[in-house]
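The data blocks that follow each hold one structure.
Presented sequentially are two complexes of subunit A, the first with subunit B as partner and the second with subunit C.
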Partner chain A sequence: MPAHRSTMGSKFRTRSSSPMELRPMLSEVSVLSRSDGSASFSQGDCCALAAVYGPGEVKVAKELSDKASVEVVFKMKVGLPGCKEKIQERILRNTCETAIAATLYPRTAIDIVIQEMHNSGSFLATCINCVCMAMLDACVDMKYLVAAVTCGLNSEGELILDPTLEQESDLTALMIFAYESSNFEVIATYTTGSFTSDQFQICLIHCREASKHIFQFFRDTMARKLSK
Partner chain B sequence: MAEVGSVVLPGDQVRLMINTEDSTRFVTGPGLRRDSDQVTVSKAGILKHKEPNIYWVDSRQKRYIPTKGENVIGIVTMKAGDVFRVDIGGSEQASLSYLSFEGATKRNRPDVKIGDLVFGRLLVSNKDMEPELVCISSNGRSNGMGVIRDGGFMFTVPLNLIRKLLSSDCNLLKTLGHHLPFEVAIGMNGRVWVKGRSVRETIAISNAISSAEFMDNMQIKMMCNKLVDALTGFT
Partner chain C sequence: MAADFKTAQPVEYYRKFLEKDVRPDGRELGEIRPTMINIGSISTAEGSALVKLGNTTVLCGVKAEVTNPKSEEPDKGIIVPNVDLPALCSPRFRPGPPSEQAQVVSQFMVEVIQNSGCIDPKDLCIKAGKHVWVLYCDLVCLDYDGNVTDACVLALMAALKNVSLPKVTLNEESGNLETHMQEKWGLNILCQPVATTFAIFDDCIVFADPTDEEENLATGKVTIVTTEEDKICFVHKPGGSPLSDDKLQNCLQRSFIRAREARNLVETTLVNVDR
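Up next, the complex of A and B:
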């Protein structure tokens, strides 16, 4: 099965250089042979692998008569999933459900499996981006693309975009925003810690600018795959 | 605004070039959604256009979405009263009535077993209903449809390869057929059944088909020549 690699490095920070840039992204689509679509996606050292199956056969209990049911399973590197992972699954599912044109496939299931490969900070955003790539590869009908960006505020109130795990440990607030590609509007936010509403707005604007780079990266990766 | 021939992603707006006087009449195929006067892309692929005003997105999908009138290869999974359930690779199993075979009557039932391959046409297929398969044309003839018997080999390929095999500018089947006689059934659901004179030839043909996805006609010719040489012992 041919895999399509794509990197974007030069204009992004290599490691812990400027706090206002995204870490370099790297992605490979159609990595798995049995799934309908798959992608591995990494931001810096953070890496996730997603597989999309569907629209396929649905269990009777999960069947919805007016739209496709979207299921997300999050697989950890080790151990059993706890509350934190269940919340991540829920956020991922809601974000995907917003993007997928689910009404086109009533009484079907779209199953998404995400495998954690390496977590080095801003992992949920990496997962969302990874799932978006996998859905693009699977040609699931979508209203728009989604891209997620993490940003944090440290004790001095400075903004750090796409923080690493060590940077994450001394943040006072962490925010994750997911944007859609047609008007760059927010479709999901997830925040922890304390911050003022002004700080929130500033983070929102910075992350929106950063999301445009991710959308461009999606486009470049798919163009490379489809030009073969 | 995306142009014809370029790579498009979900959410992109498409500008349609409408040549006829009646600008409201145009056909949007798979991968395009129309809301009021705007056309939005819903699948990643390459935007294609056919005169006068047909537009669609050519994508590399693996999952089959049943479409009315398409020929598919299915696997019989269940016998339920007077219908068979057939797996056609979509989200739901298709139903196939025992009367929709050539020459079948209530007395004279067709000989169909669970696990058999059937080559049929989708009579009913829309998102709200169960797909229905028939192995008979509207004038009562089988037209090559029905249960596929006597061995052979069935394998699955991406849907874009199926479209390539069936298009008139692809010479793969013709070139292969010059050298080796074989039978083939191609389903739009990504399933291909082939049968050569021997198991060896069947394997060779199936390998040739599944490797042709990204080849152009020149490369296909070369590949076929190599294959025939290898089969006859000139390596």
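Up next, the complex of A and C:
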């Protein structure tokens, strides 16, 4: 199967222009030949690769009689995963479990592997988006799509969407939200730093608007893949 | 009869109760189990606390040692929280290396300390670049009945407030450390984070402080950590059912109230502790 490549138009910033826009997105689906679905997804310089295997055979110990067991492995560029990666892996797994209509595949396993390619800030969000693309490519039945957006607050309380690694280092708070595509409600959140409840609300609303661009990007990419 | 119904159809059993806005153990949806704290229960540790949240029991002991600082942070002390979920506390855990959940809760503690900035690591410095204090905060769950995160955060903060360290000075001439056992000092705790966990049931009903049984039936979970002056320092929702903005806002408001209650509880307990 040939790989399909797509990019997002010029209205998105090319590195550090407006703080209220997402970095340009680029995605390629069906990049790997042996997996049932795969995607590489990059936001700015940040890049991840995901492969989906399944629904397939399941180990007896992990077999669930009423739904598929979803297994997510996060691979770093170098080194072994520590506690910090475990917490991210859990967010990724639970997010995938929620999105996949697992009850349609009882007694099977769906294995998802995510490989870090390059981390230049807002990496967890990139991973979530990458996994969603890979699941779309694998044609796994899903209840909704998932898109994640990162936003940060600097010391003046200004909001910065999709910060890069340099921008991340001088932020007082960082928030990651994953939304579903039917009602745009929050599936997952992960925050660092401290902030007020009002700031949280503002970030939640801004990220929701930004997530709609990502959903549109998913749609465009799949349309391009299927039209060929 | 009720027991049979519960065993056969646990979800349906819960639904029947939740229709009437009450939970099988008699609590309302936003009600948190009775909380009990015992501070300074381990005399051999520098600081300790035992927290009971309903049946969930977590014991925290803080041990202090003097160590060399990290070269990138020469004037900062080190705080190492470690959560142990032994086979003793629940049938879901097996003996052996720490489970994924134990690692996740440990990392959660690390991030709560970092995000809230409750302790200035510079306070733990003895001599920059040479000697700093390292605080090993060991949290052991003795009884696992759901919501260990909240119990762990409470136990950790109570134990840190109880820490009393001897004064240590560096003798410039000999280069040795001198310990003054008579002169004790406590940590300067800048704020006290409190965690509140909510479980989502059937994608729509949200209730606070889930028990083990409720956690198993829940379709999602969200933990909110707040500090004084209604600041939020951690909102952790690792997937699970989507939550609308107003429900999330309700959870935030509930957690502010809970945090105030928990802080008062720790304060009143501390007053009665003879250091």
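Here is the rule we go by: the second predicted complex is superposed on the first by the 226 of 228 C-alpha atoms of A that agree within 3 Å, B and C clash if a C-alpha of one lies under 4 Å from a C-alpha of the other, contacts with A are read in each partner's own complex, and residues count from 1 in each chain.
Following the convention adopted for this analysis, a residue touches a chain if its C-beta (ideal position, glycine included) is under 8 Å from a C-beta of that chain, and two chains touch if they have at least 3 such contacts.
The model shown is predicted, which means the values in this text are computed figures rather than measured ones.
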item	value
Overlay on subunit A: subunit C relative to subunit B, clash or fit	fit
Touched partner set for A:23, first subunit B, second subunit C, both or neither	neither
Subunit B versus subunit C as contact partner of A:192, first or second or both or neither	second
Partner chain in contact with A:180 - subunit B first, subunit C second, else both or neither	both
Which of subunit B and subunit C A:101 touches, first, second, both or neither	first
After superposition on chain A, the shortest CA separation from subunit B to subunit C (Å)	14
Intersection of subunit A interface sets (partners subunit B, subunit C)	180
Subunit C partner contacts - residues on subunit A that touch it in the complex	83-84, 86-87, 90-91, 93-98, 175, 178-180, 183, 185-197, 200-201, 204-205
Subunit A partner contacts - residues on subunit C that touch it in the complex	100, 103-104, 106-108, 110-111, 114-117, 220, 222, 227, 230-245, 248-249, 252-253, 256
Subunit A contact footprint on subunit B (complex, rising order)	7, 9-11, 13, 31, 33, 40, 42-46, 59-63, 65, 91-92, 127-128, 214
Subunit B partner contacts - residues on subunit A that touch it in the complex	2, 36-37, 53-58, 99, 101, 104-109, 136-145, 180-182, 218-219, 222-223, 225-228
